[in-house]
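Just so it is clear, A, B, C and D label the chains in written order, and each chain counts residues from 1 on its own.
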Amino acid sequence: MAVAVEPDARLKAFYERVERQSLRPLWLNTSVNASEPTGEVLPWLWPWKQMRANMYEACEVMPVGRDGADRRVLTMRNPTLPASNHGSSRTLLAAMQLVKPGEQAPSHRHTMAALRYIIEGQGGYTIVNGQPLTMEPGDFVLTPSWCWHGHAHEGPENMVWMDVLDVPLVRGLNWQFYEEYSEPKTLQPADKPRDDSLRRFGTGSLLPHWMGRQDAPYSPLFAYKFPATKEALYRLTDYSASPTEGYALTFSNPFTGGPVMPTISASMHLLTAGLHTQAKRNMTNTLYHVAQGRGHSVLNGQRFDWEQDDTFVVPTWCWQEHAADGGDAILFAASDAPVLQALALYREETYATDGGHQPATSTFTPAS
Amino acid sequence: MAVAVEPDARLKAFYERVERQSLRPLWLNTSVNASEPTGEVLPWLWPWKQMRANMYEACEVMPVGRDGADRRVLTMRNPTLPASNHGSSRTLLAAMQLVKPGEQAPSHRHTMAALRYIIEGQGGYTIVNGQPLTMEPGDFVLTPSWCWHGHAHEGPENMVWMDVLDVPLVRGLNWQFYEEYSEPKTLQPADKPRDDSLRRFGTGSLLPHWMGRQDAPYSPLFAYKFPATKEALYRLTDYSASPTEGYALTFSNPFTGGPVMPTISASMHLLTAGLHTQAKRNMTNTLYHVAQGRGHSVLNGQRFDWEQDDTFVVPTWCWQEHAADGGDAILFAASDAPVLQALALYREETYATDGGHQPATSTFTPAS
Amino acid sequence: MAVAVEPDARLKAFYERVERQSLRPLWLNTSVNASEPTGEVLPWLWPWKQMRANMYEACEVMPVGRDGADRRVLTMRNPTLPASNHGSSRTLLAAMQLVKPGEQAPSHRHTMAALRYIIEGQGGYTIVNGQPLTMEPGDFVLTPSWCWHGHAHEGPENMVWMDVLDVPLVRGLNWQFYEEYSEPKTLQPADKPRDDSLRRFGTGSLLPHWMGRQDAPYSPLFAYKFPATKEALYRLTDYSASPTEGYALTFSNPFTGGPVMPTISASMHLLTAGLHTQAKRNMTNTLYHVAQGRGHSVLNGQRFDWEQDDTFVVPTWCWQEHAADGGDAILFAASDAPVLQALALYREETYATDGGHQPATSTFTPAS
Amino acid sequence: MAVAVEPDARLKAFYERVERQSLRPLWLNTSVNASEPTGEVLPWLWPWKQMRANMYEACEVMPVGRDGADRRVLTMRNPTLPASNHGSSRTLLAAMQLVKPGEQAPSHRHTMAALRYIIEGQGGYTIVNGQPLTMEPGDFVLTPSWCWHGHAHEGPENMVWMDVLDVPLVRGLNWQFYEEYSEPKTLQPADKPRDDSLRRFGTGSLLPHWMGRQDAPYSPLFAYKFPATKEALYRLTDYSASPTEGYALTFSNPFTGGPVMPTISASMHLLTAGLHTQAKRNMTNTLYHVAQGRGHSVLNGQRFDWEQDDTFVVPTWCWQEHAADGGDAILFAASDAPVLQALALYREETYATDGGHQPATSTFTPAS
């Protein structure tokens, strides 16, 4: 619909007037009708080695509390996004957080939802709405929209985890609310037993209804533990893997079968040794974190090699295939699938040619 | 609204005519408006000792296959029900089934839904829609409406289980369909792996969506194992028990959070040693089977003593309270709660006086 | 599974003992496994001419209030039902009610749901939960489960309407509660404007959410008016009719798209002149009332001729086809479809042979 | 959490490195935690007089078809939005479209959803998925996500309507797909009767289920006619108006009671003469179009005077109150409420002080 306009004098006056009156001729918009998602935002990868080194250096150069900083966090900013978007993708932001022994992150709440995937350390916990949730490597913890949350760490070594938030979506639409728990900032005291929700709802298909039906729009579990997840994944390996997913489990809300939160879903994918999935693309923005093993992905024809605890992002409508190189690999994934489902915009496609595999014409190299 | 009618001649002629024309004066109906459920159907108890002795004798007097009988089953017929209802309550029927080593119950299907609670024996299994499900004491297995099912037993000793069916409801409303799997009757071959559904869906809050969303109106699990249930129950004992329920878990469909089948829900109740629940009543018909321990219940003011593997039924709107005598007791319960919920007829009440306890004015004694 | 049992002495003792112990050998049950609904309950028809004459005579022989009768009602008792069921079908009861000018039926409520289809008269109204609802011929009014309702009549001539209730279902399962509005019995005063719900919700797809979301399990409309229904039916006549339904509209709850009540759905069927539907059968029990015209139905091979204001019932799994003889005919229908849907037991079938038409081998003749 | 950082050499090197590695220290983000929506985007108003003059001039300076422009559209661009957002609010775009007699807008489809509110002209229609929908002033027509749609105009005078689209939301998140119906561009032929969906589903609570249950995520109606809406609004005027809404009707999907489309809801608000609503604010972005009358709104303390066919936008969390000046006024509203509901982010607030009225400290003056 591009129009090469001949700006004669009358037309020029018209354009000037409507601009002044906050109107825009649609016919001047040359980019309006992309036949599909543009692909301008590229997949990206953040190597754990860099990330970890940066986090440890951050401990030295920027102690928590210095000049008011509550949390020692580096966000993964996808440089191919528009400047106004500080996320890893258009809807989701990944970040890395380090808490030193004895430190606390004071409690607050916000309409932005988050989950925390634990990478290293023992002895840390998150207090969500008064409930302390143990954080151990491979687990993830929910801090849903508008739930109070703060972190504490009583173990002997640093805790590091990945945060995933829907900040680009919610703040991008100006729907953020934010509140400190107290002034001066403190950690909310625990008024529920440690890992209370797991004891109550931990066996998903056995519901203690007498404890009160959970009608919140998020999973009553608040935390999902890695050992159980891993066991469930390996229970599936007697079956054929999904050609495009490997062995995949979606974490669900036991009261509804739905996603863990209304804006973020989480899943875990086992790629057994040598498995190389066929390419697919869908509408979601998906963040992957390598929970175990090493391998590579081909994303829109570009090869991304990854190893344990690397993080990478696959944007909307980007072809993706994943391979375990060496032994088994496990990928944790967080995506905006629930948003697409709720708005009836979800679609997906499989790669029909060449046995489902894209030619990899380049390799992603992280800047050093 | 009872009316003492003076049948003068004209009125008599009127009554005769409308009767002939298949009409009935409502004003002659003296029982039409009971202010609440009538209480004519009484709670009942079937002692395991009797039941077991009868089942073993049935092995001798009535072998399976003799004169065409497929299944060696004694149904628990509540004698206080109207003659046309062969159930244990108005909607549910409990029965006891014994399968000897090497026997099979050939496959069939019917619109009546059933579950099987396993009491004793090892080595038996039910094949539901081609999937063999291992049956071990304390487990229960679903055979939902219109699913093919048959039983086989390859262990060394007799298997005994309790059947719970919605026969009085579904057949009472003439909604039964029934079909043999084959002629001559055979067991449906297994075309799915043993305990397939448990491997797929056994961790209720980790759903392998890639294996296909289960949209059936019943739980994709088909079986619930006792060890996991017991562990989940005891995980709750750090909390205060529900005054009217003890520690209670409702078995749920992990895809919906709803009941295991549209007409029957199942739950497990732990009464810790010395616990005596306060009285409540609700609209359901509930069958209880003593999974473990001994104790007693007070049902509409009558005391029912029970021990392991006894079965008792609590009809609609009957006051009920339960107590563990000796150590911990565990009760398995199956009820028609989903029917009441679906028809928006559910209601419940707690016993407000005397600390929530009814006076027990009599004791139930089973006929010998 | 019929078993010809040889009652030797030991077996006889066994049978006597288990009978005493409230147990029944399943193998003695020779009728247990009907391959489909039995067909023992037959379709039936109540001619309006008889009904009307009886109602008018009832005015003379049995005045309302005589000996305590609140309501002048003749119920249509299907004589092929088991004696314990006083309904027109296993789940639904139709009845005819006449209210003379100036009479009132005092308010009460019960868990049984009802609807009233108006046949003749002007000036009557039902007060449901304080709202007076105008009753005009062709309209129907809901009195859902546990809603207060009473009737009054301020017009110059008798009002007659058909009641449809789920009494056989709800009382049959002993789920009835009943309460008088006051003692002595009175009509509940109107505390809402006349036809309030129609003014609020009468345009189904324009919802005044600011007036409060209606979360009741029944339609917020409470009444559906015949002129709008008829107009909507005729709007469909530019289309081809459904081969098995004619032109059919299901009355719905505008907040959910679901049925008007959880146990009873209502629909209106236009058979244009000469239209003869093809045979189908389904699981519902359906009551038909001839809103307009005359015609006939073939029900399980028997011909039923009908004219305006006749009532007939089609039981579960009975083949049915309907024809307008003369001009257009309109049938009002009420069924238990929501129960079958909720319990996942609904099924239907069309008649595959002979162009979809059954041979009619007999004709139903009402007793005079 | 603002931090005045002292950039010593080591810190500077750290910052440079992490920037290179696509990481960002969260502690440098000084604006991260707005306590509520920022209010940077302001309400805006586009006067119909200007709009209409511009549209008519556009007919002369930019004929449809010149240089490829399909549609003669001026979009209402809120100048207080970030430059990357071309909308009227963060999620919704309003535009004005003029079609001259005999013109057509060829058919296409896109994942962006739209509705058209008709302002002037007779004889135009939109073909949606093969169905021609008559467009008359005060009506609105849906063109849901991914439905084919084109416009034609066979009347004697220009048609003008307002388009409302979710372009800023859907394209902002890169979820757009777009497809032409044919090449060369043509109007999709009508293969359904004119106003088919209205004939089928026009009486919202009478559903022709036999025509096929509509399981699409949008209303099966596709069009809502003004006369019926107006009548329904005035039927409510016997009641007290909502203090914050006046008399308000939400257009709904008769199959679900939900919004007309998953991303846009529509409602109509009657402010009777002299009515001045109390202030409220909520999370939605709402576009108002003056369907009838004149009045003014106070939006975050600024007065906006409006008259018939003016359009104004109220962004997220902006206080709003509306008053009819002179006679009755009717406002058509389209908002992103379904998105907020789906993501569980909706909240609202009423203005507690000063009788619910904000002081109006300034007046909005459109640029000329």
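Simple rule for what comes next: a residue touches a chain if its C-beta (ideal position, glycine included) is under 8 Å from a C-beta of that chain, and two chains touch if they have at least 3 such contacts.
Nothing here was measured: the structure is a model prediction, and the numbers come from that model.
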item	value
Interchain contact steps from subunit B to subunit D (minimum; 1 if touching)	2
Pair sharing more residue contacts (C-beta pairs) when B-C is set against A-B	B-C
Approximate Å spacing (C-alpha centroids) for the pair subunit A, subunit C	54
Inter-centroid spacing, subunit B versus subunit A (mean Cα positions, whole Å)	45
Between subunit B and subunit C, centroid-to-centroid distance (C-alpha), Å	31
Chain contact topology (line, ring, star, complete or other)	ring
Complex contact set, residues of subunit C against subunit D	193, 199-211, 219, 221, 224, 228-229, 231-232, 235-236, 238-239, 242, 245, 247-257, 268
In the complex with subunit D, residue positions of subunit A that touch it	1-5, 10-11, 14, 17-18, 20-27, 29, 33-38, 40-41, 44, 46, 50-51, 54, 57-58, 61-62, 66-79, 82, 84, 86, 90-91, 95, 108, 110-111, 145, 169-179, 217-218, 262-263, 283, 315-317, 339-340, 342-345, 347, 366-368
